[in-house]
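This structure is in structure tokens; I'll ask about it shortly.
Chain IDs A, B, C and D follow the sequence of writing; residue 1 opens each chain.
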């Protein structure tokens, strides 16, 4: 999916291999194909990949939603609870904006493997601030 | 620093560019040089890089500390509070194991930029479980 | 609702005034009537009341669910995100067990006011451990 | 200790029995004597008591520190990791403001029992906002 108004290329998401599926605050989604360079020493996908995907999905969807109001989005707090390791297939993150306030958005996210099992749960708080002038 | 008993190569840490400085549970440390491919769309280091570094430092130091007891370490919960963006220089994570229990280790970590400013604070809980047989 | 197998009287919940509505892991619930002694200095319900209710609902429902297997439940981590103050009426906590593992249960909880507005979101992790002998 | 400029009586802290020891952002402290009505069903101090104390200490110290600038303090996020149960003696919370920003203060807190053992670790984020007019 290519939103008409994009947030621009994101080098670290490209390094991770993130594929954007939806920027809808009621169900933002992204997916990554598991590959060896995303793993930690004992062959599981590194938790940092999941953390990165959660932050990207929530930040991007917030940024797109508040852009017209002249606001920018910035990660303020990320809390991930890891439930089940992922070793192969795909990693999919789905997130819902539970609070869309003037200064913060608060998201629930979950991470699923290719079989749809819940592998992690996350809460992300995004600060919403005026765009720097000239941005 | 190369510990005598290592946890093996970690592909995602290599992708990020993590340099291990210490595995001491009283002051575990790692460092990453900022480069463009670690950034998000508006030129700041992606929060996922910081989350990855925190998880790696705490997991690795726990794994090394419990290995002789036949135990393995696995990330259970990561909570990062972002305080200040990083755009250049180095990212350094320092972590202290505040609780070293039979089933969980709990870490405090902070992320500093090249000027030593605190850019993020984190709490990481690592589950300690018996090593799978044959591992 | 009075479960047949109860976890016994809970003095602090009585002090707070907690009324148990359901111990179902798919929708555990409790309610408190707002009264002045639950407030902080500027007249809002103290966040600690909400934290207490979340912990009680999740701990109690886990304890009842694992009791027959000879296990006990103990709070391990509570993370509450406060979204909107409560000043009057009722406070209702609803919680769903998202993960029911061998050693931990992980809950999502939300706190609503009398108008049904979401006033806080919480994630609670409960450790599940063998009951002490003789308990 | 009675600060010259107080935040006013706090009914829920009185119900819990909180004794204020310091409002210094470099080492804010409060203490509660354990008594039966603070316990959960199996005789441990309820985690909600610890959560309440952490929130009170951090909120109060922030409120006092920002009052002269015409600002108010409001709990935004509380994350408590429980490490060791408390059954008797005293509960003491100590907190340090690690970040004192324009819109948020971020605190590290720890909870100790009468023997000085660390029983819980907490991270509290306090939102700093303009005082309502007339307040």
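Everything below uses one rule, namely that a residue touches a chain if its C-beta (ideal position, glycine included) is under 8 Å from a C-beta of that chain, and two chains touch if they have at least 3 such contacts.
Remember, predicted model here, so these are calculated numbers, not experimental data.
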Furthest chain, CA centroid comparison against chain D: A
Centre-to-centre distance between chain D and chain A (centres being mean Cα positions), rounded to whole Å: 32
Centroid distance [mean C-alpha coordinates] between chain D and chain B, Å: 29
Euclidean distance of C-alpha centroids - chain C vs chain D, Å: 20
Junction residues of chain C - those touching two or more other chains: 76-77, 79, 81, 125
Chain-level touch network, classified as line, ring, star, complete or other: complete
Chain B to chain A touching residues, read off their complex: 7-16, 36-42, 46-49, 51-53, 55-56, 59, 72, 74-82, 85, 135
Chain D - residues contacting chain A, complex: 76-77, 79, 103-104, 125, 127
Chain A to chain C touching residues, read off their complex: 79, 81, 83, 98-99, 101, 106, 108, 118, 121, 123, 125
